[in-house]
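Look at the two complexes coming up: subunit A is in both, with subunit B in one and subunit C in the other.
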Partner chain A sequence: MKDQLIKLFSSPKLFVYSLVWLMILVTIGTVSQKDIGLYASQQKYFSSYFFTFGFIPFPGGRIVLTLMLINLISMMFKQNLWKMKKLGVIVVHLGGIMLLVGAGLTAMFSSEGSMVIEEGSKSNTVDDYHITELAIINVSNPNYDQYTIFGKPLFSSGNNLMHENLEFDITILDYMDNATLETAEGTSKVGFKGMLSNFNLVELDRDKDDMKNKPAIIFQVSGTFSDTDGIYGLIFGQSVPATLTTNSNQYVMALQKKKTYLPFAIELEDFKKVMHPGTEVAKSYSSKINLIENNIPRPVLIEMNKPLRHQGYTFYQASFIESPNGEETTVLAAVNNYGRLFPYISSIVMSIGLLLHMLVSMPALFKKKKS
Partner chain B sequence: MIVLIKYNVLFLIIIFISCDNNKHIQSYRTPKKDFGLSLQRSEPLNKENSKITTNLTWDLPKNWVPSSGHSMRLASFDVPFSNGVGDLSIVSLSGSSGGLLANVNRWRGQVDLNPISESDILTVSTVGESKMGAFRIFRMINDSNAQNAILAAVLPTGEKTFFIKLTASKDGIIELQTVFEKFCSSIGN
Partner chain C sequence: MTSLFKNIFKLCLAIIVFGGDVIANDLRVTDIPIQEGGRIKPLDTYARNQALAFYGKRKIKHENLSAIDWLLNLFTNPDKGLEQQIFNIRNPEVVNALELEWTNNFHKYSYNEIYPGVENQLTLIRSIFEKKEKDRDTFESQFAELYQNIMKYREIVSSLSCLLPLFTVYSPETAESLHISPGQSTSYAHIMSHRASLFDASQGILTKPENEWSETEREIALLLYNLQQASADEFAKALKIIPPSKNDSTGLWISPWELFDGREIEPHQDKIIKSLEKFLLARFQNDVSAQNAALKSYKAGVLSYPGERINFSVLKNESWLNKANLFTNSLVFYLLGFIFLGISWMIRPTLFRRIAFCSLILGFLLHTYGIFLRMVIMSRPPISTIYETVIFVGFVIVLFSLVIEYIRQDGLGVFLGSISGAMLHYVGFGYAADGDTLEMLVAVLNSNFWLATHVTTIILGYGTSLMAGLIGHLYLIEKIRVPKDSARLKSIYNNMFGVTLIALFFTLFGTILGGIWADQSWGRFWGWDPKENGALLIVLWQLMMVHMRLSGLAKPDKFALGMVLNNIIVIMAWFGVNLLSIGLHSYGFVSGIAVNIILFTIFELVTGFGTYYWARSKKRLAL
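Our next item is the complex of A and B:
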């Protein structure tokens, strides 16, 4: 049994079947984008270990790629591979392993989000495009704000959230990927606090464009043993902050996109845009920024095809916002991808491997021709 | 070889288990940020920016017609919409003029809505920015009283608070909300 398992993991057939399944996944994923959108399709078929069609589970992209990596590494331990004439094959396998390790690093550690900076102001936070989090912010201290963050995986109904920073417990009642507010006139709202005392949160179908979805959460606050205990609701992007006051502290609560704090700041000095003549369509735009690190500003120009790369982050000029009174705001796309160089390096390694294999095999080919 | 493969599989499993960088609970401190909580009270936003004035200026929409109003009003306008004409008034009162909550509940009472509590003030309003500072807009619509609805903006500026109030039917308020917000944003001195 053990031997069979080992044989299976190191079998070239496993790699070929995995490759075929990947092709099928790519086809299904591409077609399903039409109905569920790019992000949801990517999450369902490629970033998952398993997905289901009806009740039947199928292996997702991550499990297939993991199997391929195990298979390639196992192949490297085969005794009959380590021969001079198979040098090229070994190098190609190493290239494949590097490619898959890079894919793993990207899947696990990469992040992408946006940095929105008004002219004359600076920012050191990146808001993730997709990942949502619940932020409970204690604003009582005059010197700082104390954030306690709960991530989306904790938002299943009935889940209790506690933290030593909080004087109360939170019980998740409902989480919606996309929701809207409706006035609650005429309905009984006993026990509901804040926004929910006047509005209802109504779940909507998920939009294909994930950026258009407005997630919402409903939760119960308990443990303050005061009028503060009750049911609260938050929706992403609400213009008015939700507050909660206990005997000793005041809190602001928000459902926000996951924030990443950078060890440096970017200050927007000037934003420039060039329009196509006679149209309102932007031809090019650029941001003249100061990269501030250890309080030392360094001027940098970020243009549409000239991103800023710094400390593992790449900042692209993505968009801009122009207010009616002419104030300009730049929108930078911030990408942090530790596996960025792996595809390039592994491609070079595999090319070298193929070349070596050709060189090693050449004498044998000529011999065959002569005979 | 078997041992090596075992380690290989074990190594990968450990990598994938330990690679979850999505820390689900985090805690950190940041420098103070303005969450706009000061607008919850109808106190001056910023004393340095406070101005005592009645000489207001604004960008008047073309179809708004000045009308004669109550003597307390700084200005009155007839505001036409698709199915009628609304009444817009601008009033200034000293200080917080009885408090934001009292005023909001008075307006809510005028359209037969239940009063709200202090903690709910923020949740039933939106914030705008005028040339004189930030203002807060309250929309009071009662579905069972569709003929009477109110859109009101409260603009605290130091020793005076300006109230811009639009009265119309429910449909009128919905139709006029954008232009009302634009008008409030244009108010300056």
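Our next item is the complex of A and C:
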């Protein structure tokens, strides 16, 4: 029984069929980027266990890669594999296992976001690229702010959000992945509070570039038993902060990209962009920063292809913003990835394995003609 | 044929004496440094680029003029330049819009012919430029390009007019104050360098009424008026041949006219401008020794620039490379190799196959030397633009063909190498026709370490993959031609599998290296970007073929067909993903390439499946 299972799961045919399906996935997932953008395509085909086409479910990237990993591992239990002349083959496949395990770790545990810092100012927060959250901040205490955060999975219509920090209840009425504001002339706005007493939130189609999407949320506040009860709306990146006042407390509310607070801060001293002389082609970008930990600053230069690694995080020069009055703002990508060493090791292992295998098999494949 | 051999002989000679050539100290006019496209290049390259932009070729063919001579003629005789029929307009719609006649002189027109038409169409031109580049139709983009070209041409023509002897002074006092002899002509630049004394002499004019002016004062007034007129050329700043001031931090070189905008002229700039003036005069007078003397002091002027030192031997390398046409000559040898191989099939097989082999080696050496020189000039690894990928894939395939020929000694390697080497050179010429092939790189690519490792490995992977596909074609053809020669078929199949393993090594390792580069510079190993996916597809396809062979799903015929189809995937990953024009790797987009990719795909499908089923039907008949 065990042998049969190993035989089934370690079959090279299983590997071939998985490969065929993976190739189909990669092709569809690449071509569809033209229509739905990279992020949505990646979520649908590669970072999923299943996706549906019409109403028929198909296995997504994670299922296929898991199957391939099982296939590779079962292969290691084959009796006739462990021979000296198959050493190269064994090493290559071990490398393949490491690569897939690393990919799994990355898919599960890595996070990436951005850190936007103006020249002369500092930051200790990383904003996730994609995930939104609802932040309700109690600002009544002059000594500290109290944050209450609700994550995106809670945003389905009709959900009630309650927390001991808050003396009111929130009922989600609507959540939009991409929205815009329109002035609400002539419509009755009874019961609407804050921004929504003057504006309507209108849903838009999702943009291909996920960074351009502006999510919005509409929710009902109840339980303050005052004029504060009513319907509120928030949109990502709004310029006027939304406030809420109850009898005893004052709150600020925001729909924001998920924030991670770091145990250290980064201060931007100078951002530099160098062009190839006389052209519009950039030669290099760099940020001169101070890494401040326990109030002790340390100067660091982050350049293209030369990131800063610190406490499990890696900071890359990703982008920049130039304001018309000459102020520069750097955009650093911040990545936290536990699996990042796996590709390095596995690529070396696989290359060594393939080279070994070629050393063994090449002489027979390129036999010199007998003269 | 004789001229071909003469060229080959000259080329060999040039290669032999090349070492000595670099040591020679004199500056040739082709090697004058100029800044364009973000780098310092020889004037020769600049001239060729301009000729290519205006005329469509790197030399002025109908006047049998090299690009550099054409450019220098423009400088010494701007008026004639405006009359020269140099603009090649290929679209009759553009000609009509300019109210010109379509039939004239192979559709070549002069600046003076085109300009009136452009002036009449300014509203149209403005409306074109208000559109985004991708929204313009063919006529609009060509018309816009022509407009930009003639504006640039006007600028180039006048770039050195400040150095031409356009002003003649007869009065002895004025001549003396300008340090020339009476009756001698001199340039704007020369007069400006003595403007203080001219200013003193002109004081009288301002205080006296016009009827009391002396002969000298009248001449000075006229001279001032003419100088004023000449300074209308100040806009001509195209020719960035003068190193900047030592305090400059931008690294921007300046053009001669910019020197006269009131700034202080530094010693090295003064020396350069004076030598250039002497050179132009000597050239106008056809005085070769005076030209050489002027160039010598020009070089001294450039070398006295206190900033970054100009490397003249690199400039010399580049203008030599321009002239040597190494890749064209390499193509000639590849074609010769193919011809000799064809002869060997008819008579004296061993002798002619050896000659063909030697010819392929010679072509390969020129090919290699060309790549090597380009690396020296740009001081970076061999591949950084899509043009260079084409040249390098050709190099890889010919290299492996040579190895295979050396092992097999039956002409198969020569056959593969000569055909694919020649074809890839042709593709390369197509890319070279777009402009300077030695380009500067955007920031993220500007890393010699990763260009050397990831890019080179992945292109080696493309090359060897295509090689395996080509052998796949050959295998299927041989299967039809000599189905009974199982020893031969077996050895070709083995070679194909061997090359496939090598290809798999390079594509796999290259793709992972690419992931590591991405991890280093963007913070993620894999992002499902189209270019990454393209490379991944090649790896997956090859993994599939290897495992199909292993599990018995693919016998030799099917394996060969699989490697032929792999060619389609390679081409898609190499050129096709750029067509999606999305993703982080979408540099190197070339319009019109879609048709070629489709034709290639159809060709591979038809020949691949065609030969596969033909071979199988033969087998069935034989049974």
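Simple rule for what comes next: the second predicted complex is superposed on the first by the 300 of 371 C-alpha atoms of A that agree within 3 Å, B and C clash if a C-alpha of one lies under 4 Å from a C-alpha of the other, contacts with A are read in each partner's own complex, and residues count from 1 in each chain.
To be clear about the criterion, a contact is a pair of C-beta atoms (placed from the backbone, for glycine too) under 8 Å apart; a residue touches a chain by one contact, two chains touch by 3 or more.
Just so it is clear, the structure is predicted and the values come from calculations on it, not from any experiment.
In the superposed pair of complexes, A:70 makes contact with subunit B only, with no contact to subunit C. In the superposed model, A:197 makes contact with subunit B only, not with subunit C.
By the document's definition of touching, of the two partners only subunit B reaches A:10; subunit C does not.
Applying the stated contact rule after C-alpha superposition, one finds that A:368 touches subunit C and leaves subunit B untouched.
More residues of subunit A are in touch with C than with the other of subunit B and subunit C.
Once both structures are placed on chain A, no subunit A residue is touched by subunit B and, in the other complex, by subunit C.
On the side of subunit B, the complex with subunit A involves touching residues 1-2, 4-5, 8-9, 12, 15-16, 19-33, 35-37, 40, 113, 116-117, 119-120, 122-127, 141-144. Touching subunit B in their complex are the following residues of subunit A: 2-3, 6, 9-10, 66, 69-70, 73-74, 77-79, 104, 108-109, 131, 137, 139, 142-151, 153-154, 161, 163, 165, 183, 185-186, 193-195, 197-199, 239-243, 245, 250, 252, 261.
Contact residues of subunit A toward subunit C in the complex are 11-13, 15-16, 19-20, 22-23, 26-27, 29-31, 33-34, 38, 41-42, 46, 99, 103, 106, 110, 112, 275-279, 281-285, 304-305, 307, 314, 316, 318, 333-335, 337, 340, 343-344, 346-347, 350-351, 354-355, 357-358, 361-362, 364-369, 371.
Taken in their complex, subunit C has these residues touching subunit A: 35-39, 240, 250-253, 404, 407-410, 440-444, 446-447, 450, 491, 494-495, 497-498, 501-502, 504-505, 508-509, 512-513, 515-517, 519-530, 533-534, 536-537, 540-541, 543-544, 547-548, 550-551, 553, 577, 580, 582-583.
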